[in-house]
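As written, the chains take the letters A, B, C and D, and residue 1 is the first residue of each chain.
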Amino acid sequence: MTLLSTRGLSKRFAGLHAVENVDFDLPQGQVRALIGPNGAGKTTFVSLLCGRIAPTQGTVIFDGRDISRLPAHKRINLGMAYTFQITSVFANLTVTENVALAARRRLRGMAMVQATEQALAQVGLEGRLDQNAGDLSYGHQRLLEIAMGLVQHPRLLILDEPTQGLADSEIEGFMALIRSLAGHTTILLVEHNMSVVMQAADQITVLNFGQILAQGSPDEIRADRAVQAAYLGTG
Amino acid sequence: MEIGPYLMLASLEGAVTAAVLALTAVGLSLVFGVMRVVNVAHGEFFMLGAVLAWWITSLIGGHPALGFAVALLVVPVLVGLLAAAADMTVLKRVAYDPERTIVATIGILYILQQVTLMTYGADARPVEPPFNTRLALPWVEFVGGKLQLYWPWGLSTTSYKLAVIGAAAGVLLGVWWGMTRTKVGLLMRATQMDRDMALAFGIPVERVYALVFGLGAGLAAMAAVLIVPIQQAHYLMGGDPLLLSFIVVIIGGLGSLPGTVVAAILIGLSDGIISVFFSPTLAKILATLLVALVLVFRPQGLFGVRRA
Amino acid sequence: MTNDSGKPSTTTRRGALKTLAAGAGAASLPLWARYAQAQTSEPIRIGFQVHRTGIGAAYGRWYDRTTTAAVDMINAAGGINGRMVEILAEDDGTDPKRGAEVVEKFANQHNCDIGFGTLFSHVVIGSAPRAGELKLPYFVVSEGHHVASGMLNRYTLQPGITDVKSQVQAMAPFVSQNLGKKVTMIFPDFAFGHDHRDYFTAAIQEQGGEVVAQIAIPPTETSFTKYFPKIPRETEVVYHVMVGPAVLTFVKELGEFFGPSRPEMFGFIDSLEAVDMASPGLEFLEGTYFWEGNPRYAQTDQSEYDKLYRTAVGVDENGASVGDPKDISTYAHMFGCWETLYVIKAGMEAAGYQGPADRAKLIEAVEAITDMPHSNEHPQGTKLFNGKTHQVFGPQYISRVTDGKLIVVHTTSIEDTMYPDEVDYTTQPL
Amino acid sequence: MSDRAKTVLLHGGLLALLFALQFMLPAYHHGNLARVMVLASYAIGFNVLFGYTGLLSLGHAMFFAAGMYGMGLAVQVFDAAPALALVAGAGAGLVVSGVVGMLALRTAGVAFMIVTLMFAQAGYLTILYFGSYTRGDEGFVIQQAQRILWGIDLSDPTNRYFAAFALFASCLLITLWLVRAPFGKVLIAIRENEERAMMLGYDVFAHKLAAVIVSGTIAAMAGAVYGLLFGYVGASFASVQYSIFPLLWVLLGGAGTILGPFIGTLFMFYLIDLSSGITTAYMLVAGVALVALTLFAPQGLAGAVRKRIWRGLP
């Protein structure tokens, strides 16, 4: 069953085609990676999905429902979660409160407290509950972002460059986390780190100049000449 | 009075309002355009201009034109220096954060106002105009199918009012020339477009900011020197020009100098003409609401170019 | 000590120049510091609510000087009931909220016997409820109709100055008989201006005249010419009244508008209070008429009482400060402070006032006063006090500008200023 | 001691102290404290929007005045009983803040400040324009007979103090509960990072609108009670200065703290009361305070306590 799909999705900024005419389908339960060279329109594309920016044209369908006109917060309420590429935590609030804010939309009372603690444990931040989020290292802020996504128990988790700035050991942990979610949470992963992509993703979609260049399993993508060309800058 | 001469008189009066308003508002707009901060104390720099003009003309004595000429030259510089000092001691230290700057300039507003009260006092004091001749104006009417001139009751202006319009236009041209044709103007425009880039190119942004803040205040002070022979210097006179300048700058697009001048002319002229048709207090209510709604529904168009 | 023009609290033109030049921010001394004279053990403490800042400050300065002069004179003559009078001045910022706080301060902090002095109507109306609750006799010098209208309370009185209703209606016979029947009114668009509009329109109709146009000018307006074309051509008399810092602009622009061919003009001196008649641009006023609460220029038939009062306050024959001929007094209003203080004195003496316990007796004593003869105590003229409405009635002066001076041409009778009672405060409990 | 216990102790302690002071203070300070409590309630309302939601309004006087005139006109024109008049005042605040919020919240930052300033100016002029009902700048008196609420004469100092205390205590407790409730935490999240709050699924506009309405209605309630307790309704309360005052009080006391508005109002009241004995230009003190606060203590007095002593201070 398809959880999310787009038809003819386009976004232009002052004549620049950041995303152009994208038809995209994401089946339920899949871990999908979205890759592409810098400026390919990956972040713009996921921003269109979750409603941070409005499309110039096209539709977004989530769980069989056209959500193109819904504001961002309503889409999130339907079961999407989004983590920012440039960390965007509540710097002046504690680590716990950051995650609690994400949890509280769905849970109250002790259930909320437990879910918060669990999400923080999942990303390995259980030792830093009372720190201000702004005082965390960059890598830890990335993990906090992921915890804020996890605690929402989303049906679709959109992770925008989650491993950027993480140490190798933290990337290991992250991979384990993704594996533990696989199956019941659908994940859309925008990622630069190819080893993460190749290990974690069921399917890969490649964007270039705002258009879908290729789509397929990690092995297929690895073998794709057009993708190689795009990455080497000769395409 | 018939509607024709009435509109002409309202336009003449409106032109004086517009001239002074344009100078004041361009000062405010310049500060917003380059520094991206709203200076709530702007009206008090206007007030200081009027009070200092009274002070200088009283000290000098002699023919009113002499004291007035000195005031016109000296007062804007004095006020500008004071403003630049305020910029360096206060605004720079809050790093030009927009909201903290508003709060700080509200503080500066009270300080300037109250210090003026303590020294200059609470009275409204007049400055004698350097020259002031009443000029009656003719109007045309049809008599027996032929056009002829007549002199309606009350249709008049004064030589000084005309001079104010001319002087303001001259100063505005000067500002325009300075902004577009001089190196200092280039530095200001570069800073306005991209502060970080300007810094990277070695433009002394802090000095440009102090200069712009001083210049903005100086323009307000000059407007006040021009108007003080028509009105009087009073320590509470800064409120109205501040509000009107806000209105003009918003309608014209914050930071856009030509837009500001056009809006000042529009507001100045319409102020007189609207009050022909509405109760003046109602006209002021409608004008204020209009500005609020313009900001609500057309913010991008009126705030000039938005930064990404 | 009669001439106080050199005192730090009064900012004369020269004084302002000096302080500005020095760039010093020397604050004025509080009044109590200057009055801390060694006197008999228990002075009578009068809380003086004064507009030192805000829109009323120009009036406040002269109310201050008049009060000082009157109290000096009362004390020199032995005080009240053998006790010296001490003034405790507090600035109300010409703001009703601060005004009410100041009244509380008088009653509860300074232990004043009474409160006194304020001018602007909104400050009176904001403060009077507190005075009534605190049972602090509150003597206002405001010329508002709020006292006699019944809006205030038994503890608020206005025995030293006539109210705007009296003043305005007394002008109508003179205007209609001498100047013209078709009147255009120009007034500020708030309560004070609306009182003028309503009372004068009714009064002139009674005289067979009519108001052909009412031009209300919004508060905060700074230029006025654009309103003048609304004056209809048929207008025979322009009736103008304006207040605030822009009054001189208003009158000057009125002159520039009409040029040499003006209609008759009748103004309330409020339009030029504290403004020099010799200011450039006012020449056109020659031959126009003004209401004056008290004639600014010493008249040829000046009474002994006015002479004494004028000297005591330090005002010259042209209505300016003795020390600075350009510092014009608010002569048409400030006599009210002087007369009110003497009414307080008379009331306290009649009541045998000993202390705050006798406040109710003081109110009753003042309510019992009726006739106030023209005297040193009442230099503006003979007055009649109405104990029921707590409002005094008295003569009004109409002056014509002649050779740049205001010369009285008509004095209204007290009867002209009377109107039916609208309230009887004496029925309220004390 | 847990955060919860400390919170209860601190705020309960303040309320108990204020209650007890009723029996100890000399008349002058007794009266002042009643006034300060009403004004602090106004500041509490302002703080909901400024301190907790991060929206700086320069037009709160219009809400204060909406409450004052809603109450005053109900009494004056419709001869309403005080209880009903208070409801009318709060209702007026609710409606005005709802409408203004719907419009002004389409803007942000500096534009929001200017829009609120402009609406407030229009409101002030409207009061003057309808002078036949409002008596314009002069205002009108609420007579003693019209100020008897459920048989309690509000012009009596003791009753006035208790009425002010009741208003202040309810505003304090309501906001204390509010900012600790999920709703308040979302407001704080919006203040800290509006986009992130939106991307957590919160309806940012609805929350901000609710904040404007809560803030405006509390301010209106303070205005209505002020008019009823002190017997006067006037246009000066709608002027720009009365929009600046709560900003000053809240900044001084500590924006985004529950106790800050009270501390700031009390401090400023006595600063002005005492300095008016030294200089006529006592608003100079306000100006210097604003500049100094912006430069040296943007977090205010209670904010400094939170920073240095107890991070959990609500």
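The rule we apply is simple: a residue touches a chain if its C-beta (ideal position, glycine included) is under 8 Å from a C-beta of that chain, and two chains touch if they have at least 3 such contacts.
Chains and their UniProt names: A = Amino acid/amide ABC transporter ATP-binding protein 1, HAAT family; B = Amino acid/amide ABC transporter membrane protein 1, HAAT family; D = Amino acid/amide ABC transporter membrane protein 2, HAAT family.
All figures in this text were calculated on a predicted structure; none of them were measured in a lab.
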Touch-connected components when chain D is not counted: A | B, C
Chain whose Cα centroid lies at the greatest distance from that of chain A: C
Approximate Å spacing (C-alpha centroids) for the pair chain B, chain C: 36
Distance from chain D to chain A - Cα centre to Cα centre, in angstrom: 43
Chain A-chain C separation of Cα centroids, rounded to whole Å: 75
Residues of chain B engaged with two or more neighbouring chains: 114-115, 117-118, 239, 279, 281, 284
Residues of chain D whose C-beta touches two or more other chains: 125, 128, 279-283
Sites on chain A at which at least two other chains make contact: none
Touch relationships between chains, expressed as pairs: A-D, B-C, B-D, C-D
Residues of chain B that touch chain C when the two form their complex: 1, 5-6, 9-10, 13-14, 16-17, 51, 55, 58-59, 114-115, 117-126, 128-129, 132, 134, 136, 153-154, 156-158, 230-232, 234, 236-237, 239-240, 271-272, 275-276, 279-281, 284
In the complex, chain D residues that touch chain A: 182, 185-186, 188-189, 192-193, 195-204
Chain D - residues contacting chain B, complex: 56, 58, 103-104, 106-107, 109-111, 113-115, 117-119, 121-122, 125-126, 128-129, 240, 244, 247, 251, 279-284, 286-295, 298
In the complex with chain D, residue positions of chain B that touch it: 38, 90, 93-94, 98-100, 102-104, 106-115, 117-118, 239, 243, 246, 250, 279, 281-282, 284-285, 288-289, 291-293, 295-297, 299, 303
Chain D contact footprint on chain A (complex, rising order): 50, 52, 71-74, 76-77, 82, 84, 88-93, 97, 100-102, 104-105, 108, 148, 152
